[in-house]
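There are structures below to look over.
Shared between the two complexes below is chain A, which pairs with chain B and chain C, respectively.
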Partner chain A sequence: MSELILQALYSGLLQGGSYALIALGLALVFGAMRVINLAQGELVLLSAYIAYSVESGMGLNPVLAIPIALVVVCLTSAVVYFVVSRIKKDREINSLILTYGIGVILTNGMLLVWKADIRSTSSEWMQEAFVLGPFYSMRSEVLFFGVSLVMMAGLWWWLSRSWYGRAVRAVSSNRDAAKLMGINPGYTELVSFIVAGILAAFAGVALFSYGVISPAYGGVLTVKAFIITVLAGVGSIPGVLIGAVLLGVAEALTVTLASSALQELAGMGLFLLVLFIMPNGLFGVRGRRG
Partner chain B sequence: MQTTKNTTKNTTMSKTSLLALLALCVGGPLLFAQDHYVMSLLVASMVIGGIALSWALLGNLGGMISFGHAAFFGVGAYTSAVLSMKFGVPVLAALLLGGVGALVAALAMLPVLRLRGPYFALAILAYAHIFRILATEWTSMTGGSGGLSSIPPLPTLPGLDLSSKIGAYFVILFIVLVFAVIYARLRESHYGLALRAMHESEDATRVVGVNSVVLKGMMLLLSAFMCGVVGAFNAHYISFLEPDYAFSALWVTIPIVAAIFGGYRSISGPVVGAVVVYLLDQLVFKNIIPSGHQLVLGVLLVAMIVFSPDGLLPLLRKLFKGKFTRSKHAAT
Partner chain C sequence: MTSRYQGIKRVAMLAWAASALVAGTAAAEELKVGVEIPLTGSLARVGSGMQEGINVAAEVFNKTNGKHKVKLVTIDDESAPAKAIAAVEKLAGDGVLAVTGGYGSNNIAPAADAAAKAGLVYVTSGGVDDNLVSSGRKNFFRINNVAGYQKAMVGLLEDMNARSVAIVYSTKEATAALAKDLEKAWGAKGLKVTTHAFDPAISDFKPIINKIKLQDKPEVIAMIGYENDYVGILRAARVLKPAVKAMVGVWSLATPKMAADFPDLVPNVYGTALLPYPAQFTTADGKLFEETYRRLYNKDPDYLGQFGYVQSMLLFEAIARAADKGTLKKGGVAEEMRKTDRETLIGRVQFGSNGDNLNFTHHMGQHQGNKVTIVWPKDAATGKMNYPAVPW
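This part shows the complex of A and B:
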């Protein structure tokens, strides 16, 4: 039994890596623009479907889909930004409805192009077992956990060390003061959407490499990303990683100890618990309370 | 002064449009009474209208955007179906209890009111997923993913068979009208005033002694109750339920498009929007793109938010503004 639990902890940890990428995309855009992009999950899914097309159409390894996915998803994310930036009033509420509408467009677009069937990778290399001491996983899971860690380190470096990253943080903490310092807020907002697109592209290819996808899955991904940001609180990359791993572990434990149908309930239980006990999240400082 | 003028103008506006709507609603079935296809479209569009109205009530009065109304719809449907099937509750009473069931589900969402705007919207979306899972997993009560079939139909009153298409149409029309009247009364009451003030500034309203959390909670419960009754009606009308249908995202998407399209700040807007959008979707979009026709709804939603977030009416008014002012000048 204890081996099973340890194995569940390990799988949850690996799963948490790509959850963190999705949640960071959501958090980054929210930080820069006070807009929750409800189409973030659909962007991830779009990238996963591109990986599927590259694999089934050209017979290539899904990893090779990353360049195409990057271009398509970043462009889509930029389009989302341009539409959102055209909202004239009540941006907080209207942007929610707007990105929800974009999510509906993307979901149904994917349904049209790739049909409603469930897809998963057929690459043997990806599904090969990877043994690490007592733990088992697929190669793809370990590979993309590594990729996620590298991406997060890169994002951390970019946000804290580079000029663009500082500009994004400046706009997020005080828009007017940032303007006075010569930063164009519109530009940093676009950049944050594109970076969220990059994160989504990687997360999508990862999702396709170790899981199953169907057009309706995008909404579930967005909800998961949101639960993670509530767990983590706003404004810390390690916090998001820990929140994502917590969610991954909670889900994996539920699947091991109860049933896979209850997987989503685990995340919700965690979400409500945090909401009741510490409404600002595990690591958050800023108030979210009404 | 300006506000009073606007309010009176709005009430007369909504009164005339409500009257026109009423005439159209009663006239419609008389023309198409024999055509089952048209009648079923009309009933379905009124169901959407009922959800859209409850959604708009929460959005307009409560200032909350919900992506989880499928939860209320589904819980209402299941409560009513299970009560009438397993406990022999008469169908008309079960409809009301379906609303109560949705209200109880909304009680579980009250903690989420601690969260501000966007967080609330997403939290309520997460809740909708949970209720769908519960309906699928609680097999002994709900029949699991196989669903419930042969749910008792609406009863026959002396002189009118409510389970017929025409009868069902008048039931849902009655439900929607009662909700519209409750909504209008509420908006004119001092609660409505407090809620409008809250929309301007929640902190300022709190300072003058309005308990904003209680008011918002009440709006959430009322909206849930309305949506639950509509869901319950739908369950008895089609006499079949399964989790994927009862908690479908469809029950969120079309009402939101309808409410935004018709203007969610008015009372008749969401209902009119629902009829227009649903008929367009079923008669036009579905024929052009058989699967994935909701794509067009998404495009419509995005276009509305970008170009005219207050509904189509202000846009039309803007277009005909020149004409209006000229005729006004001519009259005076």
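This part shows the complex of A and C:
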């Protein structure tokens, strides 16, 4: 039994890392702009399809798709920003509807270009087992768990130490005061969307390397990211990792100790329980952003 | 004068050509058939596969039937029950004579009800839930069913002399129904059966496979899901390497597409398969299907295309017979469908009073090299099964 639980904890940890990478972009944009980007999952999926094209069309390792994915996804993310920035009234609710629509457009675009077939990497190296004592995983899972940690540390450093990161936090705290300090809020928000695009590009290549993708999968990713963002406490970037790992571990333990059919239910149960006890999420502080 | 004469001649020739065209169209009566199918959403992949078969059936029918022509009116149901109802209602409003298509039992049931309300025949191969044929739908027809898949999987494990099996199944309607039936059937035959239901949204199967490896220790793992589930399960099994003798799946697994897309994952894996790969069509109907499919889609035909082709061809033939008898508007299509009794690409098709195909039995194929070999039943086998053998 202990062997089963140890493996479940390990699987949950790795799964949490991948969830965190997907959720970070959503958390950043919400923290900076109070915009829930419901197209974030589709941006991740777009990057995954670029990785597929690079692997199947050029015969290259999907990791080498990252530069192309960065350019395409960041540009798409910037376009999403320009559309969202047109909203002048009730930004939170209107951006929800608008980004949902953008997500539908992206889904159908991917369906037209890449068809409805399921896709995943055929790279043998990525799929090979990585065994660490009693722990089993695919190489790609460990690789991208590491990438996820690096990206998170990088984002944390960027938000707390760099000028632009501080500007993002300033705009999210008080847009008018930030303006008086010489910060251009529009430009800062664009930067946060581009950083979210960078995160989505890495998350997509990771997803293609250990998971299975299809055009309809974007919505599932967005919902997962949204749950983690709220679970962590909206605006709390470090909390995203802990929230994601908690979700991953809860899901894996449910499969091991109860039934795999209850996995998604366990995730939602945890989400509701945390919101019931701690309405601001695990690490959220009232009024805190970024 | 000469140029004026030539002008009149030209006009006369154009008038003659136009009248010939009108006469030709009138000779081949156009029969409008509705296609309600998921082309977007979660079922887009299987819906598109079935649509290819439906289009091939229309192409072959129009080429071989001198008297009638079918015209397809297609509406995407977006993989959603409410949209499926709306699609059928719109098709009925457009004056179609019957509906072919449908995927997913939860979409098919309300769509078939909408068709029945409009007095239209509804034919499908996309839903295997028994409730579809046990709810008294009079104009509903289906060419495949759970029993056919169950027979094939039970038969295969019998040939393997397997004594224990772990069933890993998606909680979707059709997969759960098949898993429950298999659990009963294998249990009745004395096999030790364990079951693991999984939510369709999950992607990491390692905790499930680890449970099977450390607790169940079966000889066979039976996977009842869809392509994305198979990839997840096989990847987890490849990492954890449970000591099983075979990995057996059901639909969408023993296909050329899986062999081409996941060459490292599928060797020695079993799945239901109508035909071996490379496909060997021996009948005239089969050869015509294959030639038309390749011409239209420039790829190997798959099982979705075959099912879509068979259900639609049977429908077109029934409509044509009803048109000949002048009973199209008097329930003639359903009547002619009930009289169906012919050999098809999926074997003999006859519909029972509930609209289900009485003769449906599937075959089991195994990925061997880059080929799919039919290994069950013995009389249809194109090679011997590799057993025990797993992909890793």
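Keep in mind that, in the parts below, the second predicted complex is superposed on the first by the 276 of 290 C-alpha atoms of A that agree within 3 Å, B and C clash if a C-alpha of one lies under 4 Å from a C-alpha of the other, contacts with A are read in each partner's own complex, and residues count from 1 in each chain.
Here is the rule we use: a contact is a pair of C-beta atoms (placed from the backbone, for glycine too) under 8 Å apart; a residue touches a chain by one contact, two chains touch by 3 or more.
Just so we're clear, the structure is a prediction, and the values are computed from it rather than from any experiment.
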| item | value |
| --- | --- |
| Combined model on chain A: chain C and chain B, fit or clash | clash |
| Contacts of A:Q127 with chain B and chain C, given as first, second, both or neither | second |
| Chain B versus chain C as contact partner of A:V83, first or second or both or neither | first |
| Which of chain B and chain C A:T256 touches, first, second, both or neither | second |
| Touching partner for A:S11 - first (chain B), second (chain C), both, neither | second |
| Chain B versus chain C as contact partner of A:I36, first or second or both or neither | first |
| Which superposed partner A:V230 touches (first chain B, second chain C, both, neither) | first |
| Contacts of A:E92 with chain B and chain C, given as first, second, both or neither | first |
| Which of chain B and chain C A:Y187 touches, first, second, both or neither | neither |
| Comparison of chain B and chain C by chain A residues contacted | B |
| Which of chain B and chain C A:M268 touches, first, second, both or neither | first |
| Overlapping segment of chain C (options 79-87, 223-231, 277-285 or 367-375) - the one that collides with chain B in the superposed model | 79-87 |
| Chain C-contacting residues of chain A that also contact chain B | 107-108, 111, 116, 216, 220, 261-262, 264-265 |
| Chain A - residues contacting chain B, complex | 30, 35-36, 38, 83, 86-90, 92-94, 96-98, 100-109, 111-112, 116, 216, 219-220, 222-223, 226-227, 230, 261-262, 264-265, 268, 271-272, 275-276, 279, 288-290 |
| Of chain A, residues touching chain C in the complex | 3-4, 7-8, 11, 14-15, 107-108, 111, 115-120, 122, 124, 127, 129, 136-138, 211-212, 214-216, 220, 251-252, 255-256, 259-265 |
| Residues of chain C touching chain A in the complex | 39-42, 44-45, 47-48, 79, 171, 196-199, 201-204, 206-208, 210-211, 214-215, 227-228, 231-232, 235, 238-241, 257, 261-265 |
| Contact set on chain B toward chain A in their complex | 59, 63, 65, 67, 111-123, 125-127, 129-130, 133, 136-137, 202, 213, 249, 253, 256-257, 260, 289, 291-295, 297-302, 305-306, 309 |
